[in-house]
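In the two complexes below, subunit A is the common chain; its partner is subunit B in one and subunit C in the other.
Now for the complex of A and B:
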């Protein structure tokens, strides 16, 4: 993939995440801070499908943006074909792993398995 | 270890004495840079290059320094003067407003000796972005006209034509310090100079060259390249305008 395409995704995910995290924060403000973190409240949020969907999208957006940012930082620290391939594929693998783990939590809770 | 010498010349009424600290390093012999100190007399119009040449003439002819035109045209005498990359021939000692003037070789360039650095990387990246007009026809073939441009079209890139390849922007760039494969502000500014030229037809080729993992996207927009340019070129702006082409804001 061309670097310009990757950076378009990078900027796009950042802009989308700003909007969705703002919605997420506004929704959290409907409750008190301590109440918002109670077990029942968290489970209820995950079981509310639109909100669970919002969290899933935020997870994907921030994972893509964050791991690409990490890739860029690591590419600047050291150069070399093997190192650069390891960094790129490593970041993709870590991104997929994080999204899979976070999605598992959201889906299992949403389906009442937790 | 610092060594100190003093010029024993007849001082004029307006002359001032400053300490000139020159970085000495020979990669074939030395393990690290040492500074030699010279007490020199300067007038208000004396440039740093003239002060260095004074030292070469009177005390130590082995100080290695590259220079040619002495009028900020050839771009040969770039060095770090009191912590900032500048042209030695274009920097007066008096404007530094300091009793001590420290000169070092440019950062982000391999040192040949003392103040002289190797320009291979700069010339390679400059060459890489194809710094010439790309088109099928030519002005020099018979029965063709010159490629005309309006003043507005010229305005798009004219400041970038002032680049003298002195390397000060690359020396000031923080990304150049960490990323040995980075194209650098000089080459990117030149890429913009030709991409923005209405006579050029090589935009896509050139944009493809700089659209790689160590290309244009690694610029952090620190802006230090534009701060140090002695010719008033603004490479940081050129890089942002190039990004505009790539993101679809410009065509």
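Now for the complex of A and C:
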């Protein structure tokens, strides 16, 4: 994929994440920071399908943005065909692993499989 | 010949935050806050997975974060998040040609048109907003 396309995805995921993370943080503040972290409150959040969907979208957006940012930083430090491929594929693998791990928490809690 | 050739310093010379003004400081802060936020994000995903261990597992792990040290760490995360967001919007606007000035013939003293007062204001605004958000975050976390 062309770097210009990757940067458009990088900026797009950033802008989308700003709005959605703001909603995620405001949800903590609507009922008091400490109260919102109580077990029942967190379970209720995960069981509420639109909110679980929001968490899943934030997880995907921030994973793409974060690991592409890491890839850009690492490619600034050193260049070379093997190094660049290793960094790019390594970041994609880490991104997929993090999305899979986070999705497991969201799906299992949403469906009550715990 | 200049006995101290900055081009021979490699990455160290390029990255020196004390030489090229606030723009280079912003460059460093953007990368450091990005790495810090990625680290926090991975830790946050692991932290929230403790909900699968039930009430006891969740409350045990939550107790580790609901300490003075935990709140100070969260304050730093808030600051990193706000700076990265505001400075990121400035960078995006700059890449889109907003606020970088009109193309002109390079004349002595060769001041880059893109490193102008508008973008410097953007960087300082990002730092000030991050500080304000950190103070608000501390008021919320330590106020309860």
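Note that the second predicted complex is superposed on the first by the 114 of 114 C-alpha atoms of A that agree within 3 Å, B and C clash if a C-alpha of one lies under 4 Å from a C-alpha of the other, contacts with A are read in each partner's own complex, and residues count from 1 in each chain.
FYI, a residue touches a chain if its C-beta (ideal position, glycine included) is under 8 Å from a C-beta of that chain, and two chains touch if they have at least 3 such contacts.
What you are looking at is a predicted structure, and each value in this text was computed from that prediction instead of being measured.
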| item | value |
| --- | --- |
| First, second, both or neither for A:4, with subunit B first and subunit C second | first |
| Partner contacting more residues of subunit A (subunit B vs subunit C) | C |
| Which of subunit B and subunit C A:30 touches, first, second, both or neither | neither |
| Touched partner set for A:81, first subunit B, second subunit C, both or neither | neither |
| Touching partner for A:43 - first (subunit B), second (subunit C), both, neither | second |
| Intersection of the subunit A residues that touch subunit B with those that touch subunit C | 7, 11, 77 |
| In the complex with subunit A, residue positions of subunit C that touch it | 11, 31, 34-35, 37-38, 41-42, 45-46, 48-49, 51-52, 54-55, 58-59, 62, 66, 81, 85, 88, 92, 95, 140-141, 144 |
| Residue ranges of subunit B touching subunit A (in the complex, touch as defined) | 175, 178-182, 211-215, 217-218, 246-247 |
| Subunit A to subunit C touching residues, read off their complex | 7, 11, 14-15, 18, 21, 29, 32-34, 37, 39, 42-43, 46, 59, 62-63, 66-67, 69-70, 73, 77, 98, 101-102, 104-105, 108-109, 114 |
| In the complex, subunit A residues that touch subunit B | 2-4, 7-8, 11, 72, 75-77, 79, 84 |
